[in-house]
Amino acid sequence: MSGPDLLFYLFAALSVGGGLLMVLSRHPVSAALFMIVSLVGVASLFVLLDAFFLAILQVLVYAGAVMVLFLFIIMLLDVGPEGAKASRMKFVSGVAGLISVGLLLVLLLDLGLGSMESSDCSADDCDSCGESAAFAWPEIRDETAANGSSLVFSPSVKAFGFGLLAKYMLPLQVAGFLLLAAMVGVIILSKKSKGEESGLNQ
Amino acid sequence: MNAITPHHFLVLAFLLFGVGFLGVVIRRNVLLVLMSLELMLNGINVALVAFSRAGANLDGSIFVFFIMTVAAAEVAVGLALLVALYKRRKSIFTEDMGLLGN
Amino acid sequence: METVAFSVLLLPLLSACVTLLFLRKQGNVAALLSVATAGGILAFSLFLIFAGEGETFAWEATWIRMSDWELRFGFLVDGSARLLLFVVSFVGFLIHVFSLGYMADDEAKARYFGGLSIFMFSMLGITLADNLIMIFVFWELVGFSSYLLIAHYYSTDEAAQASKKAFIVNRIGDFGFLIGIVLTYWAFDTVNLVEIENQLNNLFAWNQENPQSQILTPVTTALCLALACGFIGKSAQFPLHVWLPDAMAGPTPVSALIHAATMVAAGIFLLVRIEFLFTDHALSLIALLGAGMGLYAGFCALVQRDIKKILAYSTLSQLGYMAAAFGLGMPGLAMFHLMTHAFFKALMFLGSGSVIHACHHEQDIFNYGGLRKKMPITAYTFLVGVLAISGVCFLSGYFSKDAILLSAYNLNVPVFVLLYAGAILTSFYMFRLYFIAFEGESRSKYAKQAHENSSLMTAPLVVLAVLSVIGGYHAIFPDAIVGSVVPDLTEVAEMDNHLWMIVLGTFAWIVGLIGAKNLYGKVGNSDPLADKAPAFFALCRSKLFFDDVYDFYVRRIQDPFARFIEVMEMLFVSGLMVRGSAGVTGLFALLGKACYVGKIHAYAFWFIFGTLGFLAYAAGLFGK
Amino acid sequence: MNLDQILLLASIVVPALVSVLLFSGLIDKDEWAKQLAFLGLGFPCLAGIVLFINFDGATDGYSFEFLYEEMGLQELGITFHLGLNGVSSPLFAMAGIVGFAAGLAAIGSGAERIKLYLALLCFMQSGLMGLFASVDLFFYYLFHEFALIPTFIMIGLWGGRDRRSVALEITIYLTLGALVSLGGLVALNVMVDAEKFDFPTLSKALLEAGLLESTEAKIFGLLLLGLGILVALFPFHTWAARGYEAAPTSVSMLHAGVLKKFGLYGLVQIAVPLLPAGALEWSPWLMWLALGNVLFVGMVTIAQNNLKSMVGYGSVMHMGYCFLGIATISSLGSGSAVMLMVAHGLSVSLMFLLSTFIYRRSGTFEMNEMGGLAGKTPVLACFFVAASLATIGLPGFGNFWGEFGVFLSLGHNPEHRFFLGLAALGIIISAIFGLRAVARIFFGSPSESLSERESKTPIRDLELGEILPAGLILAALLFIGLWPRGISDRINTEIGPRYERVDYLGLSQFTPACCLVEPGGEDSNRTPPDEGGVPVVKPLSPPTDP
Amino acid sequence: MEAFVTFYSSNDWTAIGPEIALALAAMTILVMDLFGKDKFSGRTGLFAIAFQAVLLVAHLISYVSENSSNSYFSGMIEQSLQSDVMRSFFLLSSLLVSILAHRYLCKNRLASGEFHHLTMLATAGLMLLCQSSHFLMLFVALETVAICFYVLVAYNRNESKSLEAGIKYLLFGALSSSLLLLGIVLLYGVGANPEAWGASYPGYESMDPLAFQYLGNLMDENPDNLLLRAGVVLIIAGIAFKVGAAPFQIWVPDVYHGSPMPITAFLAVSSKAAGFFVLLNLVNGPFEGMAEFLLPLLGFVATFTIFFGNLAACAQRNLKRMLGLSGVAHAGYLLVAVMASMTDAFNGNDNDAVWVLFFYMFVYLFASFCVFGVMGLADLQDETEHEFSHYENLAQKHPWMGFVLVCGIASLAGIPPFAGFIAKLLLMTVAFEAKLYLSLTAMVIGVVISIYYYFGWIREVVFNPRPSFSDDEPVHDPWTKLSDIRLLKLVLIVFAVVSIVFGLWQGQIGNAF
C-alpha cells in the first residue's frame, strides 16, 4: 500500500465522515462546519485524481461561497437545534430512513461491483480474477487535445477553457441564463414590493 | 496510486450519495436538507471526476463544472424561498409545512 | 273460392275494426252491424261448404319468409273443417241474434259486439287454417277475444281475475303447443298439415314395402303430447280446467258461444286435424284423461248453485266425452258429439241466459223455482236440452253419446266405466238443475216477477231446441257437412251389443231422473244433498282442491319466489356486483388520497422506495 | 347523388341543425321552438318510412350509399360512409317513428326549459338515425355516443327521483360498455388490416384471410361484453330499470326503444357474421346469460309494483329473446332477432308513452294505488291493453313473429332444445306481469286515491295530441304483425348472403333431424333417396365463396 | 488550437433562433421594467404576449419548410421535424400562459415583468431540452427550466401556500435531478472506459461519452451491463418525476395546489410534455438497445400511474389537486404510447406512436387550457381552493364559460365528439398494434373510473344545483366580475371549438397517423 493509497483512504474517510457528522449533528452551525470538512475532503480527492482546477473550484465555490451563504442564512434566521418535539416520529422516520438508505447503498454497490466482476471474468486472462489491482490508470499528458469528438483529459486549465468555449459553448451560454434566472428569482422572492402590503396583512 | 481502482472511487461516491440521501430523509431542518442535497451532488462529482480520469476524457470534468454552477443556483433559490417562507411562518422545519396536503 | 274464404275471414275483422274505430258511441248500430256480419258469415260459409262439392280444397300464399323458414297463409277446407265451419257460423249467428235481446240494455254494447266479431274472425281462422302455425296464431287470438269478453264487466273484480286467469292458463297450454309446433317443424321441415300427412303416409308405405330397413318415424309420443297441451289448455281438460268455470263471469251469450259451443271445442278440432300424428300411448292417455274429466266434472257440477257454473261443468264433462272418443281412435265420433253438444249446450246456455235476464242477473238456482209457468218457452226448450244431454233415446245427444259409450264399451272397458258413471251423473245433475230452477214454486221476488223474454231471445231457443231434437240423425245433414264423421259412425254402427247399450243408456238417464226427482222435487233455499251426505257434498264442493292448489301456488310460491328473486338481484347483482365494485373503488380512492399527508418526509420516502424499486429491477431482483 | 341519398343524409343533418338552432338561442319563443322540433323530428320519421318503402328488397348489400373520404384518419380506414341494408333499413324506419313519437310526447309535455329539452332530443335523434345509417364502424360507434350523451344530460336535468345519482351510475356503466365495445372494434380494425373500416370491406377481407379461431373468440368476447352491457345482458342489466324509472318519458322511449338496439344491431350486423367461429365459441355462454335475462329478470318483473320499472324490467327481459336468437348462430335466429328488435322497439316505447299518460291521470306510478281507470279512460285502456298484449307477444303484433322465429331457431339444434323449453316459459311470465298490470290499473273498482283525485280534477281521456304518437306506433306494430313479409323480405336480402358462413358453421355442429322423402319427391329442395332407402339428411350447403 | 476548429465550425446560432429571440425578449422585458413607472401595469405582459404570438407564427412558417434531421453545436442539439413540432408546442403553451397570467397578475397585484421573463426563459429552456442530443446539454437545459419553475411556482409570495409549494417542488426537483445526474454519471463512466466496467466498445477513445449516439451504440453492444442498466433506470426515475409518473408522482397535487393558476397550467402542459418528449427521445435513441429490458418496467409504471392517479382523483374535492391527479393519470396513458413506440410494431422513421403521442399532447394542451382558463376566471377568497360547489350552475350564469369548461372537461375525459376521444382512440389503436394488452386494459378501466370525477364536475356545472339551505348569509358567487376578459374569452371559446372540430374532422392532420 503506497502513499497515494493511504491518502485516498484518508480523504475518503474525511469526506464521508464529515458528511455523516453533518447529517447527524443536531445544531445547524456545526452541521455546516462538518459539511465544509467533507467538501474539503472531496476537493483533495480531486487533487488525487489530477483535477487540480476542479479542486480549486470546489474549495472556492462550495467551501467558500455556498457554505458561507448557508452559514449566513443560519445566522440570519438564527435557527436553533431541531427541537425534541415529535421525537417518536423523528425516531421512526430516522430508522426507516437508515434502513432504506442502507438498502439503496447495497443495491448501488451490488450494481457497481457486479459490473466489475463481470468485467474481470469477461476478460481473457482469468488469473486476474478477484484482485482488481490490475487496473492501470491511463497516464496523462499535459496538453490540450481532442480525440475525435471527445476531449482528452488534462489537468491544465487551458484544456478546460478550450473545452468550455469551443465544444460546450451552448451549454455555457445556457448556464449563464440559468444564473440570470436564478438571480431574478431570488430578487423577486426576497425584495419588498408595494404588492406585498396587500399580502402581509393576513 | 495503483491499488486504488475506479471502483474504490465509485464506492466512495455511492457512500457520499447515500449519506446525502439519508440526510434528505431524516433531517427536518430544510437548511440541512439542502446541505444534504449538496452532499449528494458532491458524491456524483467524485464519481464523475474519477470516471473522467479513468477514461482519460475531459468531458466529465467539464460536466462537474456545470454541476457546481447548477448546484449553486439551486441553493440560492432554495435559500431565498426559505427566507421568504420564514418571514411568514417563523419556521424552517419541514413538519411545519403542512398547508398543502390531502 | 279463396275469395269467399277470405271474405268469410275478413268480414268479421272488418266489422270489428269499424266498430272499435268509429262506432264506439253508437252501440245499437254496432250491434246491428255485427249481427249482419254474422249473417253474412253464415251465408258465405254455407256457400263455402256446399260449393266445395265435398272434396277438400286448399289455397296458399306466402306470409313470412325468414331465411329458409317460409310460412304460407293457406286455407284447408276438408270435412271436419266444414263441420266446424257450419257449427260456428250457424250457432254464432243464432247467438248474435240472442245477444241483441240479451245485451239490449248494456252500456258497452259496442265493445261487446266488437269482441264477438273478433272472436268470430279468429274462430273461423282456426277452422280454415291449413298449417299449425296459423292455427296457433288464431288460437292465441281466440284466447285474446275470450279474454276481452270475459272482462266485459271489468269493474267487478271477479271478471278481472277470471279474464286474467283464463288467458294465463291458456298460455300455459300454448307453451306446450308452441314447443310442439317447433319440434314438428324441425321433424318434418314443414308445418303444413297436408304435407306432414303425406310424409307420414310415404313413410308408412315405405316401411311396409321393405320391412328389412325400417325408418323410425320422427313422430314421438312427446311430440304429440306437446301438441296436445294446446288442446288441454283450450278445451279446459285436466289439469288446466280451472279457468272455464271462472270464465262464466262473462255475459251469458259469450259463455254459450265461446265457452260451450265453439272455442272450447276448437281443442277437439285441433286433435282431429293432427290425428295422424298420434301414437297409441298418447291416444290412450288422452282417452283416460277425457273419461276422467267426464266423471270429475260431473261430481263438481252436482253441488253447484250457480246455474252457469253447472252448465260449465257439464261442458267440461262433455268435452271429456269428446276427448275420450278421440282417444278411442274415433275422431269422427268426437266431431259428431261436438256438433250435437254445440246444439244442446248452446240451447241450455241461452236458456239460462234468458232466465238470468228475466231474473235481473240472479244466477243462484235456489233463488229460482217455478219458472216453467212464468216463462214456458224457455222452460220447455231447456227441458229439451236437458233430455238431449242426458241421452234420452232418439234425441241428438243419445246418438252421439251412446255411440261413444258403445265404442268405449267395445274398445276400452275402463274408459267405458268412467264414461258411464259420468253419464249417470250427467242426467242426475241436469235434472237437478231443471227441477230446482223450473219446477216447484218461486223462491225469490225476482223469480216471482219473472216473465218470458222477447222473441229475439226465444227464437234462437226454439231453433236450437229443434236442432237438438233432430240433430242426431246425421242423415238429415248434407253430406258436405257430416261427410267426415260418417265412416266412424258406420263403424260404430257395425259394432255389436247395441241393444245392451240402449238398455244401459236408458237406465242411466232414468236413474238420474228419478234420483233428481225425489231428491230435488221440492227444495228450500238449501241443498238437500248437503244435509243427506255432508262429507260427499263437501268433497264435491271442494272440486278436489284444484283451485286451492292453484291459488296456493300463485300466492304462496310464485309471488314470494318473484320477490325472493328481486331481493337476490338487489343483493347480489346490483348490490354486490355493481355497488360492491364501486365501493371497492371508493376504498382505494380514499387510500390513494390518504397518501397525501403533505409532509416532505413522507414524500421523500416515496422517492427512496421508487428508486429502490427501480434499482432492484435493474439488478434483476424481479426475475430476468 | 339522388333523392334517396339526400334523404338519408338529411335525416341525420336536419335534426342536428335544428338542435344547433335551438341551442344557439336564436329561437326565443317556445312555440317556434316546438314547431321547429316538430320539423326536426318529423323529417327523419318521414325519411325513414320513405326509404324503407324505397328500399329494394331484391338487392343485397347497401343502398342509397353516401361516401365522404376526407374525414381524416384514413390511415385507420375511417371514412364517412352512409347507407342502408336489409337489416338496418327497418331499424332506421323504426328509429324515425319512435323518435317522432317521443318528440310529440316531449312537445306535449310541459317540461320547463323546453327548448333545451327539445334541442337535446333532436341531437339524440340525429345520432340515432346516423347510428343505423352508417356503414363505417367508427361512425356507427360515434353516432351511438352522440345519442348516448344527451341521455345522460336529460336524465340529470329532467329526471325523476334521485336523478343525479342515477345519471352518474348510468353514465359510468354505459361508458364502460361503450369503451369495451370500442376496444373490440379497435381490435377488429387492427387484426383485420383492411383498407377501409366498414362492413363490406371487412367481411371481404375476412373471407379472403380469416383470423385464427382463438383471435376471433377473443374479439367476439370483447364485443359481446361491451355490447352486452349496453343492451343490459343478464348480469349487467341493473342500470336499465333504474335509469328508465328515473328518465323522462322521451328519453326512456328513445333509449329503451332504439338506442339499446345498438348492441344487438352490432352483434347481428358485425360480430356474428364477421367472426362466426368466435360466436360459436361464445354461444353457450350467451345462451345461459340470455336465459338469465328471460327467467331471472322476468321473475323480477313480476315482483314490480312501479309501472315504469315494470316496463323497464320487461324490456330487459325481452332483450333475452334477441340474444337467444343471436346465440343460435343461424340466419333464422338472427333475422328473427332483428324482427323482434324492431317490434320490441316500437312496443316498449309505446309502453313508456302510455305509462306517462297514465301518470298524468292517476298521478302515480304505483300500480297498487291505481285501479278501475278503464271506466274513466276507455281509449287509454284500449291502447294499454293493446300495448301490453303486443309486449306479451300476441299474434297480430310484430313481437309475435320475432319471438316465434327465435323459438323456431332454438328448436333446430338438439342441444338448444333445452333452452327452448326454458325460454318458452317466458311467454307465460310476460303474460303474467302484463295482464296483472292491466288488471291492476284498469280493471276492478276505482281506487280511493283515484276517486279523491278525480274529485279535484276530472280525469279526461286521451286528447288528440296524445293519441297521435301512440296511434302511430301502434299502427306500425300492427303493420308488422299483419304483414310480416314487409320486413322479413328486406331482412332476408341482407341476412341471406351475409350469413352463409355462419349457417354453415352453425349447421356443422350437429346433424339436423332427418326429414322424410316422398318417393314422388314433388318438392325440389329435398334430394331423392338413394337405393339404400335410408332417409336422406338435408345436405349442408357449403358456403359459396367468391 | 486547430484541434478545436471542428467544434467551432458546428456552432450555428441561427439554428436556435427562436430560443435566442426568447432570451433576448426576456431581457428586454427586464429593461422595460427597469425604466417603467408602474410595475403593475400590464405593458410588459402585453409585450410578451404580442412577441410570443409573432414568434410562434414565424416559427410555424419557418419549420414547415424544412424538416431534415441535423445536429449543431458539436452534437449538443439535434433538430428534426419532431423537435420542431415540440418547439411550436412550447411556444404555443407559453403564449397561453402569458395570456392567462396577464389577468392573474393584474388581479393579484404581482410584478408582471419578472414573471414573463421567467416564463420565456423557461420556454427557451424547454425548447433546447427537446432538441438536446447530449446529456450535458440535457442536464443544463433541464436545470434552467427547473430553476425558472421553482421561482414561478412560488411566485405569489404573499401566499404561504405558494411558497410552500415552491419549497416542495425545489426539494423534490433537486432530489430527482440528482438521481438523474447519478444515472448520467454511471452511463458516462461506462462510456468513458468500457473495459473497466465489463463492457466493450472498439474505439471508444474517440467517442464523446455523453452523446446520445455513442451511448446508444454502446448499449446495443452490451445491453445487460449492470452499471448501464442502473444508469438507465436512474435516468428514467428522474424523468418520471418530471412527467409525474408513479412512484415519483407524489409531489404533483401539492405543487399544483399551491402554485398560481397559470403556472399550474404551465406545469401540467409544458413541463409534462417536455418530460415525455425527452423520454421518447431517450427510449428511441440511446436506450433503444434496452427496449425489452425497459418495457416491463415502463408497463408497471404506466399501470400504477393510471390506477393511482384516477383513484386518488376520485376522492378529491379540491379541483386543482384533482386536476393534478388526473394529469398523473394522463401521464400514464401517454406512457402507454411511449411504450408502444418502443415495440417492434413501430420501429422506423415514421413512427405512428410518436405522432399519436403528439396529437394526444396537443389535445391535452387545448383541453387543459380550456379548463384552467375558466378556473382562472373565478375569483375566490382563496385562490387555491377550488371546490366543486364553486361551479354550481355555471352553465346558467355564464353559458359561454360553461360551454368552454364542459368542452375542456369532456375532452379530458375523452367523450366523443371531443378531440380527447379521438386521441384516446388512436392511443388504443396504437397500443393494440403494439400488443400491450395489459396496459390497454388498465387504460380502459382508468378511463371508466375517471368518468366518475369528470362527470361529477360536469354535473355541477350543467345540472340544477342542489338546494342550498344556508340562506341566512348569501354564498359568495365567484362568477361576478367576468366583464374585463374580452380577449381571454375569445381565446377560450376558440379552444373549445378547436377541441370539438378535432374530434369530428381531423383532415390532413389525421392523415399524419
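Each chain carries a letter (A, B, C, D and E) given by its place in the written order, and its residues are counted from 1.
Methods note: contacts are C-beta pairs under 8 Å (C-beta built on N, C-alpha and C of every residue); 3 or more make two chains touch, one makes a residue touch a chain.
Just so it is clear, the model here is predicted, and its values are computed rather than measured.
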| item | value |
| --- | --- |
| Shortest contact path, chain A to chain E, counted in steps | 1 |
| Neighbouring chains common to chain C and chain D, by label | E |
| Chain labels contacting chain B and also chain D | C, E |
| Innermost chain by mean C-alpha position | D |
| Top-ranked pair of chains - ranking by C-beta pairs in contact | A-B |
| Chain of greatest Cα-centre distance to chain E | C |
| Approximate Å spacing (C-alpha centroids) for the pair chain D, chain E | 45 |
| Between chain A and chain B, centroid-to-centroid distance (C-alpha), Å | 6 |
| Gap in Å, rounded to a whole number, between the CA centres of chain C and chain A | 101 |
| Whole-Å gap separating chain A and chain D, where each centre is the average of the chain's CA atoms | 71 |
| Chain D: positions in contact with at least two other chains | none |
| Junction residues of chain A - those touching two or more other chains | 93, 96-97, 100-101, 104, 108, 111-112, 114, 116, 135, 150, 168, 171, 175, 178, 181-182, 185, 189 |
| Touching two or more other chains - residues of chain B | 5-6, 10, 17, 20-21, 24-26, 28, 33-34, 50, 52, 54-57, 59, 62, 66, 70, 73-74, 77, 81-82, 84, 95, 97, 99-101 |
| Contacting chain pairs - touch in the sense defined above | A-B, A-C, A-E, B-C, B-E, C-D, C-E, D-E |
| Of all residues in chain E, those that touch chain D in their complex | 352, 415-417, 421-422, 425-426, 428-429, 432-433, 440, 444, 447-448, 451-452, 455-456, 459, 462-464, 466, 505-511, 513 |
| Interfacial residue positions of chain C with respect to chain A in the complex | 601, 605, 608-609, 611-612, 615-616, 618-619 |
| Touch list for chain E against partner chain B, complex | 136, 139-140, 143, 146-147, 150-151, 154, 157, 160-161, 163-168, 170-171, 174-175, 178, 181-182, 185-186, 188-189, 191-193, 196, 205, 208-210, 253-255, 257-258 |
| Contacting residues of chain D [partner chain E, same complex] | 70-76, 142, 145-146, 149, 152-153, 156-157, 164, 167-168, 171-172, 175-176, 179-180, 182-183, 186-187, 189-190 |
| Contact set on chain A toward chain C in their complex | 93, 96-97, 100-101, 103-104, 107-108, 110-111, 114 |
